[in-house]
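Heads up, the next two complexes both have chain A, just with different partners, chain B and then chain C.
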Partner chain A sequence: MSASPLGATDQLATPPAGPAPMVAEVRPGRGGDLWRAIRRNKKAVAGVVLLVVFLVFSIFPGQIAPYDPTAEIFPPALGVSRHHLLGTTAYGQDIFSQLVWGTRLSLVIALAVGGLATALAVLVGVSAGYLGGATDGFLSLVTDVILVLPIFPLIIVIAAYEQNAGFLTLVVVLGVLGWSYGARQLRAQTLSLRRRDFLEAAQVRGERKSYVILNEILPTMTSLIVATFLGAALYAVLTAAGLQFLGLGDPNSQSWGTMLYWAQNNEALFAGMPLWAIAPGVCIALLGASFALLNYAFDEISSPALRVRKLERAKLQTARPTPALPSPGETSDGAVLRVEDLSVAYATDAGPVVAVDHVDLELARGEFLAIVGESGCGKSTLLYAIARLLGSPLPGEIVGGRVQFQGKDLVLLEEKELRRMRWRDLSVVMQSAMNALNPVLTVSQQMEDACRAHANWSKAEIEVRSREVLRLVSIDPVHLNSYPHQLSGGMRQRAMIAMALLFTPDLVIMDEPTSALDVVAQRSLMVQIKELQEQLGFAVIFVTHDMSLVSHFSDRLLVMYAGQVAELSPTKELFDRPLHPYSQGLLGAFPSIHGPKVRLLGIPGSPPDLAHPPTGCRFAPRCPQVEPRCTAAEVPLSTVNGSLVRCVLHETGT
Partner chain B sequence: MTEELLRTEGLTRYFRVGKLTGRQTLHAVDDVDLSIGRGEIVALVGESGSGKSTIARMLARVYTPTRGEIWFQGRPLSRLRGRKSRLSYSADVPMVFQDPYSSLNPAYRVSHGILRGVKLHRGDLSAKERRAELTRVLEAVGLTPDTRSRFPFELSGGQRQRVGFAQALALRPKLILADEPVSMLDVSIRVGVLNLMSELREREGVSFLYITHDVASARYLADRVLVMYAGHLVEEGATEDVLQRPKHPYTQLLLSAVPDPRAELGLADARDVGEPPKIVEPKPGCRFRPRCPLAIAECATVTPPLRELDDGRRVACHVAE
Partner chain C sequence: MRFVLRRLGFFVLTLWVAITLNFLIPRLMPGSPAVAMMARYRGHINPQALHAIQIAFGVNTHESLLRSYVTYLGNVLHGRFGVSLTFFPDPVTHDVLQALPWTLALVGVTTVLAFMLGTLIGLVGAWRRGGLMDSALPPIFVITSAFPYFWLAILSIWLFSLKLGWLPQSGGYDVTDTVGWTWGFAGDALKHAVLPAMTILITAIGGWILTMRNNTISVLAEDYVRMARAKGLNPWRVMWTYAGRNAILPNLTGFAMSLGFVVAGAILVEYVFNYPGVGWMFLQSVENQDYALMQGLFLLIVVTVLTAILAADVATALLDPRTRDQR
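Entry: the complex of A and B
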């Protein structure tokens, strides 16, 4: 759960709203979903099966074990046979029966220690994280001290005082010493939750602190609490076995550790009976493995990012029609970029979701193209596909089409070649400069890194160029030695743009570079970008959700809806005479500070689920001008006076 | 203005910043007098860091004012004694948060937050009446009653924000503090939430303090506008007055920067690359002075008080008239 410091501005860190739930997130609140997720996860299934077997052993040992485990009635040191599945001990007891009976103590210790340690970890960790201040200081100190204690030697000392330490002593000692690791994690998690508004909402509502901790914080941390429990249980199994092996437990108890102790005492290896030690050892390992597997599985289930899904490529490839513009090779007539029939898909539980659906696009040298649309319409995905930045951590994969840039198809380029090209000829300015800049390096160091990676300049040349580009974006070069946090939001964003211009690229790709800024800073940055573009001649693709922002700056506007091009028009045309009802809706959605005050309606409804797009026109369900023919068949793009529009009202009948 | 509901007097909040050595005081909100009438929608406009959210959090009693007093229905908040009277204020003045993705607890269904509020503040209702109230508020904010059993991750941003308003509404509030409630929503659905607020005012008689950095939406929604700059209230007046004839140079700059495709690009002060200062240990004087085209010598030494011009307009500027 990563709460972005900038909140609104960072779509990558906040739960994506778009073609988003890449993977259906499983909330611990939903029993059914959780069970389904467990069944789908191989590690979870293995862990559960192992644990169930041991649980059955520990509940019904009398029914499963063939003999009394303590009865010394057989010949000693028998080998494996039909009567004695694992042979007998030095004292003539049946080993298999001992294993079955031993399960109970091992499991009870694991669960009891797990429970005790988890309770302590939750109490200390969550209180420290939520209450903060001096309480946090004190509790964190205690946690850290316990964390660095050499636990095993300490337990040996304590257990040695309590000769033949009973079950209770063992549980209390292990529990009291084993909670600190979990407490640290729970504290960290609580700290990150503290920034979430729902806790402040509870406070504003007038809730008591105890209610907030018990009813608002704890339920959101179920998976971490389970992980803490499993971790502590695992540690208890291993430590308890170790102590008993050393003879620090009750040697007459029935447990795997005690079996190891006797195996050692009777010199299992010299006696040629390795099974005395191997049998309980394997059981300890298996029980430990079941806890570890469940722990891993829980991690994966609760954080979808850990699960990797692969697209079934073949299916999508065959479903792909022939490209609309069959012009491979060199981009001609001054076009700096030509996107042909580009499609991007995400893998989800419900199958592949096409986030960018057969987009064609041409960008002239020095042109400013803006891409607008609601979140989830595929505008950012298209951008990252063009820059070939999809893939972890940005989900999505190009499943068809070409991106012609400087005579090369970027889709087919090797990563190595791409990397060389990316900064020199094509650079990217991200939404949140605070996340894109390295916080521990100064501006000049970061510029130097970029230069060294992409050019063979001397230190002096780099310095000169760095100063030059900073001046280009109106930042005083003294800030070369500043760290990102010392710059204001607007300056950071300018610095990002300066870095993108280090090599005078042909194309600069910008993803909402101004959305974290205030209106005044936003406008001056836009003016600056436009001036730089005119001065240096690079082309710009600019993604934004705010059409009005680019109204005075872009040459053409691409309106995307549900992964498709809805309309592509010269900017002025689009504002004066929007063709697509969706463009009209977007234009009518925001109030103005001029002119008469009119009641606006926005666009009712929300964008379609791309896993199941509506048939025919995708905007039809929200369209005020919908007709029967809209939903009959896929609507093609039509050319109307130099604009492209996907709407039956403007179909030219080709 | 209608009958007064809430008023602040010299509302001030400082934060201590910096390490143990060299502790400094950040003046987040300085000496703010504002008032909100019954059934009135007041917009508090300013850039990030101007102190507008801090004001909301003082009104919501998350922060205690460093100085100054808040009067609600004629009674000072600092004299609220006992859990009961504090709870009663919380019910009268709930808050709706900016980020719909973090303001609902992901572990609970939609009904949780609403029912919990009802239970806490309206303990006299039976379980059946609480369910009825749940349905009422969901419908009042334009959601279907079956939304109650959905989890937040199943809802869109706009729907989540409506749930936020439903939670507030369930307390029978008198004033809802709406902290940038639409800034994280898509442009296409913002208007829906703005319309919802204005409907709730009509139907339920609730007042709103609408906190925003978006002047155009303030114009769409609010009766009155308060403009904040660097912790100071710099201009106040009826919405149309302020927006059509801004008096304070900062208000003028802010208005000229609002992108508007229906107007010419205002390039006159587009080169302003200044930013609001962090107000740490300030000296007297106007805080907008370094960016101000009208600044005179007096601005550097005397903090301009908020003074009344004609017809209720108040401006904190030595020069404006």
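Entry: the complex of A and C
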């Protein structure tokens, strides 16, 4: 969906915090958005607050700490009191003052190691990913080796030879060894960016490599770089504390780890002074937690899928009056599926967006219905709503309407009842079998689990049936024992269709099943689908963005635009006499093989933002035949010679 | 099994890097600690011990760096790490092998347990998106995973041993016990293992939960999970064989990477509990400047970590047919 919630805020009620940024689109130079995204995330706020407190401690220890942390001027082992908030040490030093002064070293180590490790990770990761070839091979190998070397014991070994690990040793060793995890991720990210258009464009422009890396690659990886920094900082805090606790740091330095070392040496627990150990430990844990919380929050901010958004039904604008549906002009006795007034909405940060808006359609037994439209017009959402399969990555909830199938309303059906019906009566074929087949199971295993879910067949019977359906789609049954990645693209697609026919369902829902194939394979697969349909008698709903593909196969065409039905006509009718200007535009966008040479016309502009659709006809802003009355009010569907069309040019009645 | 062979090659390469570091660090660090060490020991310990240290460091003033490196490699390959000063005149190999079972039982079992439990909780949490397990647990475990292991160890001793007196606070078994395969000893050893195991479990589990949760969430958005639902499969089947089995693959890689973190934590936990494992002995050797023992233990830790990673690789190959076919 191309929804841009930033612009939607003036229409939908939003929390006073201000416009909700589409966080997936956070880009460098738009620090404002990033800052707002952080402010909205509770974990991020907690992390920032903790970090700021420690920063203040480390910058102004003299002002905050009441006493000199090293001065052994008080009675030893005092308990908590007004003068000594956390008591005194075995040597009579004020613990609170020590904690405040100890912040500086921990924080400086964390930031220094974080900075060094991040710089190295960026250098190695991005170079490896961008340069590729032997350089990549070598750098990746080095990264992997350092990644699995146990760093902590190694640092102990070094510290042991040095007698103790001073500040510099600690920072250098931790930084030099702690970059590998980040480098690995940055390399992967760079690899995926390399083939993007904007990078190729930069190469064509003849930009220098260093320019491309600094100005084109790095800015897109801000969140990953931040994550690398936070991860390394957290790691540095814990490792440094561990070393100091062992007495391998500088024992005269002011740090939390050193405080723990003295606590352990003076047997804090047995001396009845657990606070000696608890207080510095809490500080280490809190500083670590602030980095960990920020890291986690950043993860959530950069991949919105990790957050749960609740659909606020109250904010839905479904109150829009829909005129009563004109009778389609045929009896519903032969109907295998009847969709009535179906609406689907999904949640965004800016509130609910209606993706399918009051759609009606009816499908006769054995009918082939094609749904066409540009991407983002709601055709796939409609399809999966009918099959009750909405959910990430096609988020959405049915907010109104009915789906009558086999005498039942699928919308209201319990999950358990629905499950019994699935695949036996209604099966689904998806866009890319590469993604729709489970990569870790063989074809036969995936056939088998469908069979076991719905029939009480023996292993032999399942095998027989699996072979049978594979032969139906002309695949040699030897491929039963293949994994999906071992088959060619066309074979995978056929295997999925075979799977969908295991129980010869009444309805097969197909979501662009041929779009991943080349033109020749597309054609032969379409012919095969049509033959199977005629042979076995199932009805098909076929979603595609390619009208010419279905021209010879579908009985009726449903043209969708911006979540609504624009036109529903018999296929031949629609190709000969398209009624809706959008249908005309779509037809003008495809070349005809047989017809006379005509100039191909696209449709200028793009579908509207469903978060705030235009008033009146939704196609009006792009329509070449637009009139003032188009934008005046919602346009109802009208019946014209057995076709349904939503356009003022064909408005009947009133 | 090209994949496993390649990983085996990586195992050998990394081990070689670790051995080389072991050789180079004492010789090349500023001030050449190895030579300083020799000078310090000369005259104080008997020639046999001195020779042992020379082997451990590959130090022999008459040989070139390269020659002594080759000799050192040969010694390591034959398991000759010299003689321990702490447990004189035990050869290092002997001491090291004595500590190993304790660590394998404590750290090995708890790490595997933490991985399995964490993976399970992460999977179920992500499966029930927005449920209590999904909304309450992640923030909690983000915070616990930032706890220093040793601090949690101190706290648990304070609470469970000193305040409540439920469990022993130190050692791997009661000193009055005779070590052996008896029920009494096993029970006693188990009792001593509970607190350190708990400490490692609580801090290690958070990472697995979080990564598995995030993996599962992205796998749940895959078409094959939607397809499994469309097939009307039992939700358990969808969760295990479709979501879980695919989401655990990156977690296995993550297992290899986070192992260093666990090892660091485990060393400190053994130290705090005086648990007679590899980590404790390693720190003892550091304290006693018993460098031969320290180097042997360091290599043992490296080998153990690499073996665990290799096991994760084999598991990946078993679970993912695509890795098996990789060339």
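Operating definition for what follows: the second predicted complex is superposed on the first by the 560 of 654 C-alpha atoms of A that agree within 3 Å, B and C clash if a C-alpha of one lies under 4 Å from a C-alpha of the other, contacts with A are read in each partner's own complex, and residues count from 1 in each chain.
To be clear about the criterion, a contact is a pair of C-beta atoms (placed from the backbone, for glycine too) under 8 Å apart; a residue touches a chain by one contact, two chains touch by 3 or more.
This one's a predicted model, so the numbers in the text were calculated from it and none came from an experiment.
When both complexes are overlaid on chain A, the residue A:575 reaches chain B alone and has no touch with chain C.
Applying the stated contact rule after C-alpha superposition, one finds that A:527 touches chain B and leaves chain C untouched.
By the document's definition of touching, of the two partners only chain C reaches A:150; chain B does not. The partner of chain A that touches more of its residues, comparing chain B with chain C, is C. Within chain A, no residue touches chain B in one complex and chain C in the other. Here chain C touches chain A in the complex through residues 10, 13-14, 17-18, 21-22, 25-26, 29, 33, 129-130, 134-135, 138-139, 142-143, 145-151, 154-155, 157-158, 162, 210, 214, 217-218, 220-224, 226-234, 237, 241-242, 245-246, 256-257, 259-261, 263-264, 267-268, 271-272, 282-283, 286, 289, 291, 294-295, 298, 301-302, 305-306, 309, 319-322, 325, going by the rule given at the top. Across the complex, chain B is touched by residues 3, 7-8, 14-15, 17, 21, 25, 27-30, 195-198, 200-201, 203-207, 216, 219-220, 222, 374-375, 474, 488-490, 518-524, 526-527, 545-549, 551-552, 575, 585-587, 589-595, 597, 599-604, 606 of chain A. Residues 47-48, 60-62, 86-87, 90-91, 94-95, 97-99, 101-109, 113, 116-117, 120-121, 151, 153, 156-158, 167, 171, 183-184, 186-192, 194-195, 213-217, 219-220, 243, 253-255, 257-263, 265, 267, 270-273, 275-276 of chain B are the ones that touch chain A when the two sit in their complex.
Those residues of chain A that touch chain C in the shared complex are 43, 141, 144-145, 147-154, 156-162, 181, 234-235, 238-239, 241-242, 245-246, 248, 260, 264, 268-270, 274, 277-278, 281, 284-285, 288-289, 291-293, 296, 299, 303, 305-306, 308, 310, 384, 387, 389, 391-393, 418-424, 427-428, 430-432, 435-441, 449-450, 453-454, 483, 485-486, 499.
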